[in-house]
Structure formats: C-alpha cells, structure tokens
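Paired with subunit B in one complex and with subunit C in the other, subunit A is shared by the two complexes that follow.
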Partner chain A sequence: MRLGHRAEAIDIAGGHVTGSGPDGKSFALGYDRLLIATGAAPIVPRRPGFDRPEVVVVKTLEDAQAIKARLQSGSVKRAVIMGMGYIAMEMAEALSLRQVTVTMVKPRAELLPWLDAELAATVRGELEHHKVELRTGFDVARIEAGKGSNVAVVDASGASLAADLVIVAVGVQPNSRLAADAGLQLGPARAIAVDRQMRTSNPAIYAAGDCADAFHVVTGQRAWIPLALRANRAGWAVADHLTGREVALQGIAGTAVFKVFDLQVARTGLSVAEAAQAGFDATAVTISASSRAHSHPGGSPLQVHLVGDRRTGRLLGAQMVGREGAAHRINAPAVALHATMTVEQFGQSDLAYAPPFGPSWDPLLVAANQLIKKMKEES
Partner chain B sequence: MKFVIIGGDAAGMSAASRAKRQDPSLEVIVFEQTQTVSYSA
Partner chain C sequence: MRLGHRAEAIDIAGGHVTGSGPDGKSFALGYDRLLIATGAAPIVPRRPGFDRPEVVVVKTLEDAQAIKARLQSGSVKRAVIMGMGYIAMEMAEALSLRQVTVTMVKPRAELLPWLDAELAATVRGELEHHKVELRTGFDVARIEAGKGSNVAVVDASGASLAADLVIVAVGVQPNSRLAADAGLQLGPARAIAVDRQMRTSNPAIYAAGDCADAFHVVTGQRAWIPLALRANRAGWAVADHLTGREVALQGIAGTAVFKVFDLQVARTGLSVAEAAQAGFDATAVTISASSRAHSHPGGSPLQVHLVGDRRTGRLLGAQMVGREGAAHRINAPAVALHATMTVEQFGQSDLAYAPPFGPSWDPLLVAANQLIKKMKEES
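Then we have the complex of A and B:
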C-alpha cells in the first residue's frame, strides 16, 4: 500500500506509472499488469463562489467528517442542497434530523426524472411532510456572501436563498483522465470502456469500478451506472482474469435502492423513456397494493411500476416506492431481468407469502398481471 | 509478476486482496492518493 501517492500519468510504451508522493516527490513504477480503479468524482459547477468554504461535496470520509464538524459547531441553521438525486436526498434527511432547515434546488422541473410520476409524487410528499423545501427550476448562478447567514445562493433570475452550508450533489463523473491521456478507449459518459474481463483497449491494462463502464443486461449496450456492488465484483473479475481463472461478467441491470425519511425507493432495469430510447416498444403500469395482508395490522401502500416490451412481452424494468417492502423486493425483478424473462414468466414466479410481509398475491405479481393485460390490449 | 493498482477503494482493494489470495507469489502495489483505504463499500 502506498498511501498519499497520486498517479498522474501512464506511460503505455514504457509500461510504467508516474506520479507524486506524500512530500511532493515524484515516483515512477513499472508494471506487468495495471488496474485503473480511480472511481468517480462529484461534479462541481465552475461558477462564482463555489470555492467558498461553506460549499461542500459528499464523496470521501474527510468530506463527511468536515460536514459533521460544521454541524457540531452549531453554526448551521439553514442548508441548501443542490441536486435531488439519491445522495442529495440522503443528505436532506440527515440534516433535517439534526434540526437544519433544508431547501433542495435543481434547474429542471421533475423531481426524479427516471421515476414514474406517481411514485415521484410520493417521494415529493415525503420530503414536504418533513418540511424540506423543494425548488425546481432553480439554476444556481453564483454563491455570494450573505446577510445574516453565511452565504446567499443566487439563481439566474436573481432569486436568492440564505444558507450556512451548501451541499453540491449534482452528480458524479468518472475519473478517466489518466486513461484518456494514455489513449485508452472511453465509453458512455467518458467512462473507461472495458470488456467482460475488465480489459481496456490496452491488453495489459484493466479498469474497474466507478471509472469504468459495463454492459447493461437489458439493452446489451454499454452503460455507466456507478454503484458499489459492480465496483467490488469488477475488482474480483480483474483478480480472476489475472490469475488465470475463467471469468465473464454478465453486466448490470441498474438495480438501486435508497431511503428518504420513512420511504424506500427502489429500481431495476429501464424506465419507459429509457426503454423507448433503447428501441423497445415500451409500455407500463403503476399499481398500489398493501405492504401486508389485510388481516395484518400496520400495512402501508406499496407502489409498483412495471415496464414491458409490447413486441416481445419481455420485462424491461421495475420501480417501487413504499414505507416497507420495496428495498429488497426489487431483487426479484432484478434477477428476472438477468434471466431475460417475459412479464408472463415473471408473473408465474413463486414468490413468498406470509401476512406480515404482503398479500398472498405479491404486489409485483399484481402489477405483472395488470401489465400482461395492458400489453394484450395495446397490441 | 508485478500488478500495479491505481485507487485503493472498493474496486482496487477487491482486486488486490483477491489476486493476492489466489496467487501469493504476485507482487501487488496499490497507489492511493488519500490516507484512507476501503472507506466506502
């Protein structure tokens, strides 16, 4: 382990890596095989005021510790969170629970554009219920010194929000500059293009994790969806290939889950828009069922959105929102996507039932039955 | 064989530990720019 060592260039012809060490001293090291596992970095807009100390990102352990220290100093009464993705929502919850007044802003109109509108409305309701203010259509132009607060977050039209802390969570980008400079091929979003053995376009160099792309099991196309399981698994695949074991990763389904206050939000596969974009003849249903059997007290609504292909009957994606039962239930349709099941086949699955965990017809099966009907009607 | 890894978190450390386990004769060197290893997942 060489900590405090930053790699700055890869010399492919010479087969070595150069960079700078802890005391600024430069280093060079030859390799037989190289793995680029540089991850992703938060995007920070290049606009006035983003270099202020009150403006932070959430990526590393140090970032989290710095935010915590600020909160503990008691100087943070109001926070503005830029972005409304999962990291932004997790931070909205964490700050609200510490009595910080939170406003979330984003330039576009939709809360979670990839999420079905009915499910997104539930998420919006949950945030509003917890007094998180949502300002869509707010494109931050600059951050300047504030009156009575640390900073003012100002949008293009001049609207201004007071804040003691600004969290920038507007997405991440792959750390692929080393690879690009070395002439390695890049894929979607400028992630490093890799095959099913994690090899880049150079046979001695692998790439794995958030810096690299993956094949999507639904579209068969390259995709960049930077998440932790894939990073771990891709690392294993590199080790297997390097030590002469057979390995061929299937790819990713885009399965993801997060919690916002008392809601679980889960997805796998494609949304209708993504499916249409990929050339499918997509249609979808949205149902609401109970998270427990009627006979069992304490149930709550579980919304299920299922996407299918009218042409082939194939299951293309699933989304769920609910107070319970959404997070791990998403793994069933995720596996169905890996198995390229039709909605009909998925609807025949033998899913578990007991009253505390759902109705005897699982909400996923209810949605599948509705989708089968709809696909028949529409074709 | 010299196996060099840039980045010591989820992907990098998964590869480093599994490669070393499967072939103890490998020379594995990890460059990590921060002072933290495997902090995320």
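Then we have the complex of A and C:
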C-alpha cells in the first residue's frame, strides 16, 4: 500500500506507471499486470461560485460528515440540491427529515427522464407531499453571495434561490484520464472499455469499478452504469482471472432501486426511449395494482411499467414505484432479462402469493398479460 | 348457473354429466367440452370425536366466519391446531393475536419437513416467542368431552390437551372422485392429470384448479401443489384454449410464501430431499445475511438456502426466512428455475441494491457464490 502516491501516467511500452509521492518526488512502478480502479468523480459545473464553501458534493464519507456537522450547527435552514437523480433524492429526504427546507433544481423538464411518466408523477407527488420544492427548467448559471442567507443560486434567466447549503448531485463521470492518455479504448461516457474478463484494449491492463464499462445484457452493447454491485463484482472477477480461474461476466441489466421518503423506486433493463434507441420496436404498459390481496388490510398502490419488443416479444425492461413490494420484486424481471425471456415466458412465471404480500396474480404478471395483449394488437 | 346441482357421474360414452338437483330429482347435462373444477377439500381424520362441534376445518369463508363468531363470544381460551403447515401457522398467529392460548400438534417430528433445518429452527423460535406451543410427535387418536374445558385432544400414547376449539389443518386432497370414476387418468396425490392445455386423458374433458396437477418446471414431472396462482391461471388457460387461442402452460416452480407473526417464509423449487428423490445430485448451502446494508439501521437476519445439482450445476431451489425481504425476493430464483439457469448463471444476475433494502451483494448472490464453491469442492 502506497498511500499518497498519485499515478500520473501509464507507460505501456515500458510496462510501468509513473507518478508522484507524498513528498513530491516522482516514482515509477513496473507491472506485469495492471489494474485501473480509479472510480468515478462527481460532476461539478465550471461556473462562477461553485468554489464557495456552502457548495458541496456528495461522494466520500467525509463529504457526508461535513454536511452532517453543518446541519448540527443549526446554520442550515434552506438547501438547494442541484440534480434530481437518486443521490439527490436521498439527500432531499435526509435534509427534509432534519427540518431543512429543500428545493431541488435541474435544467431539463423531466424529474426522472428514464422513468415512465405515470411513475415519475408518483415520485413527484411524494416529494411535494414532504414539502420538497421541485424546480425543473432551472439551469444554475452562478452561485453568489446572498442577502439574508448565505448564498443565492441564480439560473440563466436571473431567477434566484436563497440557500445556506448547496448540494451538487448532477451525476458522476468515470476517472478515465490515465487510461485515455495511455491510448486505451474508451466506451460510453468515456468509461474504460473492458471485455468480459475486465481486460482493457491492452491485455496486460485490467479496469474495474466505476471507471470501467460493462456489456448490457439486453442490448449486448457497452454501457456505463456505475453501481455498487457491478463495481464490486468486477474487482472479484479481476482477482479470479489473475489467479487463473475462468471468468466471463455476463454483464449488467441496469437494475437499480432507491428509497425516497416512503416510496420505493425500482428499475431494470431499458425504458421505451432507451429500447427504441437500441433498435428495438419497443412498446410498454403501465398498470397499478394493490401491494396486498384485497382481503388483507394496509395495501397501497404498486405501479408496474413493463417494456417489450413487438418484433420478438422479448421483455426489455421493468419499472416499479410503490410504498412496499417494489425493491425486491424488481429482481424477478432482472433475472428474466439475463435469461432473454419473452414477455410471454416471463408472464408464465410461478411467482409467490400470500395475502400480506400481493394479489394472487402478482402485479408483474398482470402487467405482463397486458403487455402481451398490447404487443399482439399493435403488431 | 345451476346452484344446488350435484354432479355425480360423467358418462364419457354418452357425453353427459348426471347428478341430482336441489329437489332430489336427477338430471343429465350433455356436453361437447367439459371442465372439471371441483377443487380440493380439507383432510379430516376418520377418528372418534372429529364430528364434535368444537372441531372445525378452515376451507370456506363460512368456516372462518364461524371461528370468528366463536372467538367473539369469548368462550375460546385454548385452541389446539392439528397440522403445522402454512394454513395452520396463519391460524396460530390469528388466534394468538386474539389472546387465545394455542398448541399446535402433528404426528411427525419436523416442523416444516420441506424447509431447511436452520430455517425451520427460526420459524420454531418465532412461534415459541409468541407463546405458541409446538407438540411434534403428537398423533391425535381421538377427541372427547373434556373436564374443565370443552374437549380433550388425546394422542396415541394417551397424552391429552384441553381445548375449547380444535382446528384441523392437516392438508387438503383433490376432489377427483368424479374423474377417477369416469376412468380419467390421475397423477400425484390422485389429482387429475392434465396436459399443458389443461386437457385430461379424455381430450373433450378439461380440469383446472386445485383438483388438477401440473408439470413442475424443475423436474419436468407431474406435481400436485394446489396454490392460488396456478389454479387461477389454469382456469384462464382453459378459456383461452376453448376460444381457439394457443396456450401451453409452462408449469409450476412450487413458489410459495407465508407470513407467521413477524417472519416471512418463502420457497421455490425443490428441497435437497425432493431433488434427490427426483434423481438430481443435490447439494445445498445456507447463509445468513443482513436484510439491509451495514450502513443502514434496522436490518435483521435474512437466511437463504440454495439447492443445486452437482452434475449439471443447475439451480434447483431456494428458501428464505427473515423479517423483511424474503417474500418478493423469492421471485428472482423462481424465474431462474423457469429459465433452467445454472447456479453460476443465476449468481451473475444484476440484482437491485440500495442500503435500505439489502447489502450490495444481495443475499441470494452471496448464497449462489457459496453454492458454486461447494459444488466445485464436492465434485
């Protein structure tokens, strides 16, 4: 372990990595096999005022501890969160529950562009129910000193939001500069392109974690979806491959889940737009069912959105929003995507039933039956 | 609709059903196609005292309403439940929560013979924690008038349990007598044998619901597992087939879930014993993981048991017990069974992760990795 050593270049011809140590001295380390595991970094817009101390990103444990310390000091009454992805939403929940008034802003019009509009409306309702203000179409131009409060977050049109804290959660980008400079192939979003053995375009160099891409099991194409399971799995796969074990990672289905207040939001596979872009003849249905059997008290609506390919009948994606039953239920269509099942095959699955946990026809199966019907009608 | 008309015989040669109406008069109804949907009936031991009014089965809504009325009269302080299956457990919970002292009895030694011993011990602990007494090895010989209480439930060895209410939940059997008398082929447990179009051995006669069997997707063999989804799906399949739509039901994976107090108990596919009996070279692992990420408060143990075939590497079954996250998570291995995935393929699934809902490596994946290792070591 060489803490404080920054790698600055990979010399592929020479088979070594060069950089500088904590004392400023340069170093060179030879390798037979090299692993690049440089992760991803939060995107911070290069606009005026983002270097102010009230502006923070959420990446490391220290970032979170710093935010917590600031909250405990009692000086944060109003926060602006830039971004409306799942990190942004988790922060919105955490701050709201600590009596901070939260406004979320983003330049685009859609709350969660990858989520079906009906499901996204439920998420919006949940945030608004908890007094989180959502300002879509708000493109932050600069952050400047405020009047009553610490800073003013100003958008392109001059609209201004007062805030004691600004959290930047507009996404992450792969730390792939080292790889790019060394001439290694990059994939989508400039993530490092790797094969199923985690090898980059140079077979002596591996990449794993949020800096590397993966094959998407639905499209078969490269995709960059930096999530914990794949990052972790890729690290293990490199270790397996280096120690002589056979390894060939199938890839990712893009399965993800998050909690926002009392809602579970889950997805796997492609949205209709993503499917169309990947060349599928995509169509979709959205249904709402009860999270429990009619006979069982305490149920709540569970929305299910399923995407299929009219040409082949293949299941392409699933999305769910509800107060219960979405988070783990998404794993069933995720497995179906790995198995390249048709909607019809998935719709025949023997899914679990008991009154406290769902209707006898699982909401996923109800959605599958609707999608089968729709695909037939449309083809 | 001819309510009160009891079918008594199927005359296959004549193409009609005969029986008797509410007035005692006999009837004959001709058919081109016939559907047998006679369901299943609770097994009631033919032993002395089972005709007493304190002894009830749980099958119809009226049965449940009668039990509820008796509870509301305040005369039920102690109940004996015969059987320890999921209906028996649901009754134990319902009665306990209404301050009835519950003793569950069964002749065999195991609480839930199909459940891995470690997982079954957790279920036992949950019942005992809620003061439900479990008496395995208690084979009820007779029920007789009691002293202080209404009845005495007496086992073969003379041991006696006082009870104000005796619930018989020792299982169900298919109502297949009509079919058997007509010479139709019967399958396991004397359920009516049907093909993937729900046709019996006579192509003009269909059977659907709890009276009919199904193909098990793991074994490929006939199985009788009377659960709501299959029963319902089979009815729709008959309607589809009769109206000229192509239909071929894949079959069942034996997926089931129930709640007992604060525990979720879920299964799909085969147990090790069932797998061995079906000719597989079965082995299994049991792991315990947290239901949430370490960083998230409120997690509880989730036990996962996975069964695989050493010869082919195929996933054969899964079982889970935990306070949260078992009920819907079981659907992922259920889909994997439909897709005849290997444990290795299933272990590569991109399952959902967020701290409130599980660790980054889903407990199912942890179990799959353990099982892959074990299968390699043992082969």
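In this section, the second predicted complex is superposed on the first by the 377 of 379 C-alpha atoms of A that agree within 3 Å, B and C clash if a C-alpha of one lies under 4 Å from a C-alpha of the other, contacts with A are read in each partner's own complex, and residues count from 1 in each chain.
Please note the rule applied: a residue touches a chain if its C-beta (ideal position, glycine included) is under 8 Å from a C-beta of that chain, and two chains touch if they have at least 3 such contacts.
Everything quoted here is computed from the prediction, not taken from an experiment.
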Discussion item. A:Leu112 in the overlay: touching subunit B, subunit C, both, or neither? Say first, second, both or neither.
Written reply: neither
_Per the contact definition in the header, classify A:Gly4: touching subunit B only (first), subunit C only (second), both, or neither._
first
Requested in this report: For A:Leu306, decide between first (touching subunit B), second (touching subunit C), both and neither.
Outcome: neither
Just subunit B (first), just subunit C (second), both, or neither: which does A:Ala228 touch? both
| said: Tell me the contact category for A:Ile192 with respect to subunit B and subunit C: first, second, both or neither. | reply: neither
### Query
So, does A:Ala92 touch the first partner subunit B, the second partner subunit C, both, or neither?
neither
When the two structures are overlaid on chain A, which partner does A:Ile167 contact: first (subunit B), second (subunit C), both, or neither? neither
Check: subunit A residues flagged as touching subunit B and also subunit C 228-229, 232-233
So, in the complex, the side of subunit A touching subunit B is made of residues 1-7, 17, 19, 29-39, 60-62, 175, 178, 206, 208-212, 228-229, 231-236, 238-240, 242-243, 245
Given the complex, residues on subunit B that touch subunit A span 1-19, 21-23, 26, 29-37, 39-41
Contacts from subunit C onto subunit A in the complex sit at residues 86, 217, 227-230, 232-233, 249-259, 264, 266, 268, 325, 327-339, 341, 345-346, 348-354, 356-358, 360-362, 364-365
